[in-house]
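Same chain, two partners: chain A is paired with chain B first, then with chain C.
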Partner chain A sequence: MQFQLPYSGLQWSDLPYVLLGVWNTLILTLAAATFGTLISIVIGWLRQDVPVARVVLAPYVDVTRSVPLIIQFILVNSSFALAGIPLEPLWVGVIVLSLYMGVLTSELVRAGLGAVRFQLKWASRSLGMSYWQELRYVSAPLALRTFFPGWIGTVIALTKDTALVSVVGYVELLRASQVLINRTNEALLVLAGTGLFYFAICYPISLYSRRLERTFQHD
Partner chain B sequence: MFNYTFYWSIVWEKFPELLQGARITLEVTILSMIFGTALALPLSLWRRAKEGVGHAFATGWVELARNTPALFQVYMVYFGLGSLHIHLPSYFAMVAALTFNNAGYLAETFRGGLNSVPPQQLSAARSLGMSAFAAYAYVVFPQVFQVVFFPYVNQLNWALLNSSLGMIIGLRELTGATQAAQSESFRTFEFFIVAACIYYVMAKAIETLAQLASWRLFGR
Partner chain C sequence: MIEIENVRKSFGTLEVLKSINLSIEKGEVLCLIGGSGSGKSTLLQCINGLQSIQGGNIIVDGTNVHARDTNLNTLRQKLGIVFQQYNAFPHLTALENVALAPRVVKKQSRRDALDLAREHLEYVGLGSKADMKPSGLSGGQQQRLAIARALAMKPAYMLFDEVTSALDPELVGEVLDTLRKLKESGMTMIVVTHDVAFARESGDRVAFFDQGVICELGPARQVINDPKEERTRQFLQRVLH
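For the complex of A and B:
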């Protein structure tokens, strides 16, 4: 007797499901990039200007960078479950990815603020600017120039890392395509489409960031 | 809220399994770095050539490796090749996928390193009668080595963390072994905290060894 596995081929009606995956990937990326950037500005500024914060934050930064993201997702997911607060997979993703991006990007904020010449800071302070005025009108705009190209790089990395949230059950693009593969057994075709999508998002951005870096090198 | 009793002894019972997983993690990481380096060297030279088949091939490889998720690359090797009837065991699939990823990133690192050596040095070496191979091996690469050392170690750490994707295709590396061990008791939190500590120790060990090596080799 011969078994015929009941695979059904790809259909147009699969499109909404894939689009849902695309939408979920984009939502997660946007949310995590926004929160991550805000967190990174705070952490980066604290680590640059407040010595106590540097010591306090060091172990946190260290651990976030040396533990795989998958494990961070699982740990955050299960610790909220232990606390009796069941969390939507989307929020697990947003929390972990924003904190992760916050830590990675805080290095850029630090480097940016550190690259502002201290004579400039002294000059503005002696013109009567307060600490905050100096930060807002002198240091921050100058730091932004070194910060921006690197920031784009971390956004690309973030877009790719959203694929990992599938381990806690979030149906983003890669997870959606995995489900489709299970049904249709058309791994190569579906995966090629998925890869193309990520590539179409990340490649133009990385080209742009490379061009920016070149412009910033010249002046 | 928090009426949960932590139960650690069950983790220690399974600890040897986790360590076995950590060994596989290290194996996969190191193998993929060795193969990745071997591929990245010619890729970086082709990338530097301004045109030709080699340049197009290397550019395609580098951009694909850097602009798609590592998990996608793992799926591609494991499921994608599977539909072409090339069935790799998850161990080799993981090594292959990480090699692809490492080679792409390292090729760019090496290219940056090569660009930092003035081209006159290569011409000088060649005009002294060295073959192209000898000129690269004795003049260019030793200088490149110093520039790319820390980015290389960074990539090694990335590869270590990325190898955790093996869990998803059923490889029993550290994350996969942890996943399997916790599925008998559902003590997810305890198991994964311990796994996180093992990763931390491995990552720190790599960093420390690299720092020692750098003091020894370059005196900084």
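For the complex of A and C:
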């Protein structure tokens, strides 16, 4: 039988555990950003171009935007458990964060599409382009330029929001570091290290976005 | 041939076109003149279905533009239109601007569309600007680009909606030269313009619009040099002096 001593110091063997946390954070961010963006494109487009959708989607948009994420995690987790289909913590995170990201980002999609001058749409349609051709070749590429900087900001925020999924038992980076702090009592060191990992994830995203924005600016 | 029969158009309670009758023959250049808000631009937008109408018919080569079963996307390929604001696609190069519709709408191969685009840029004198984005072009160049883009769809009719009004005076000439060249090639054109001199010299007929009606219609020189209607006379006096 093995006993874990209280306050045993940090060891190299803790690294795989931290990396597991990093991995889980990355997986969750990637899944939520992907699904969230897909949802946002559909919702943003619907809300911009289909008047009925504005009314129908309003409750979803308002609730998701106004209720704190941490409550949403617990509600979704408990609802599924009560319904007899308990979900893996990862899936709770993916569902809640995707829907949340979808709503936040749909505003950016809407703003992007709304920023395209209607005269450009007229010019496209007058050349014989259909609604979809105009959207695909003119409005969407132009909307992307408005959409992109805000989207990057949302993805970075999302990366950090994944930390909240720990409330339903998902061991992501922050949760992993809390476990280590409890054991080692080296809060400052562990948190500094954890912050560094978050930085290492988010900073390349910012760098990449700045480069992309510069290419857009040449247009 | 374009036939316009009793066309009425209103925006809310504001009646912009009140029973317009007009027909444009193949090969003709018809200039529409008149004050701001007289309805001439709106009429152009109605002709290619960008605006709905509240009464009457517009028939283009036998097709009723506003009939429910008319495929506007097909019909519009016949009706090139160029607007006051150049409306070049800002994310595409000049060449791509012109090649886009032939490729997407007419399903031409990329290479054919680019060849076609080059040919039309050449035609409007922008051969050397093919790889530039619109932001790098002057207003006059952007307007010629818009003309090339419309021509690349090989339309039977060209509609020009105050294409020189947004331009600096010294850039007007190059755009008008393109219009003259197009007239010489036999293109059927409806030109909304404030440039009375251009209308007199290049128009076959001129229609003077006033408050949503055609006040006077006749041979270009006659309408401008010797108008029959008092309102036409007053308008011309204001713009010529």
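The rule is short, and it goes like this: the second predicted complex is superposed on the first by the 196 of 219 C-alpha atoms of A that agree within 3 Å, B and C clash if a C-alpha of one lies under 4 Å from a C-alpha of the other, contacts with A are read in each partner's own complex, and residues count from 1 in each chain.
By our rule, a contact is a pair of C-beta atoms (placed from the backbone, for glycine too) under 8 Å apart; a residue touches a chain by one contact, two chains touch by 3 or more.
Only a predicted model underlies this, so the values are computations on that prediction, with no experimental measurement involved.
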First, second, both or neither for A:111, with chain B first and chain C second: neither
First (chain B), second (chain C), both or neither touched by A:130: second
Partner chain in contact with A:140 - chain B first, chain C second, else both or neither: neither
More chain A residues in contact - chain B or chain C: B
Partner chain(s) touched by A:27 [first = chain B, second = chain C, both, neither]: neither
Which superposed partner A:53 touches (first chain B, second chain C, both, neither): neither
Partner chain in contact with A:61 - chain B first, chain C second, else both or neither: neither
Touched partner set for A:212, first chain B, second chain C, both or neither: neither
Touching partner for A:191 - first (chain B), second (chain C), both, neither: first
Touch list for chain A against partner chain C, complex: 117, 119-120, 122-130, 133, 137-138, 141-142, 145, 218-219
Partner chain A, residues of chain B touching it in the complex: 1-2, 4, 63-64, 66-72, 75-76, 79-80, 82-84, 157, 161-162, 164-165, 167-168, 175, 188-189, 192-193, 195-196, 199-200, 203-204
Touch list for chain A against partner chain B, complex: 62-63, 65-72, 74-75, 78-79, 82-85, 156, 160-164, 166-167, 174, 178, 181, 185-188, 191-192, 194-195, 198-199, 202-203, 206
Residue ranges of chain C in contact with chain A within the complex: 48, 50, 72-74, 76-77, 79-81, 83, 85, 87, 89-91, 100-101, 104-106, 133, 135, 146, 149-150, 153
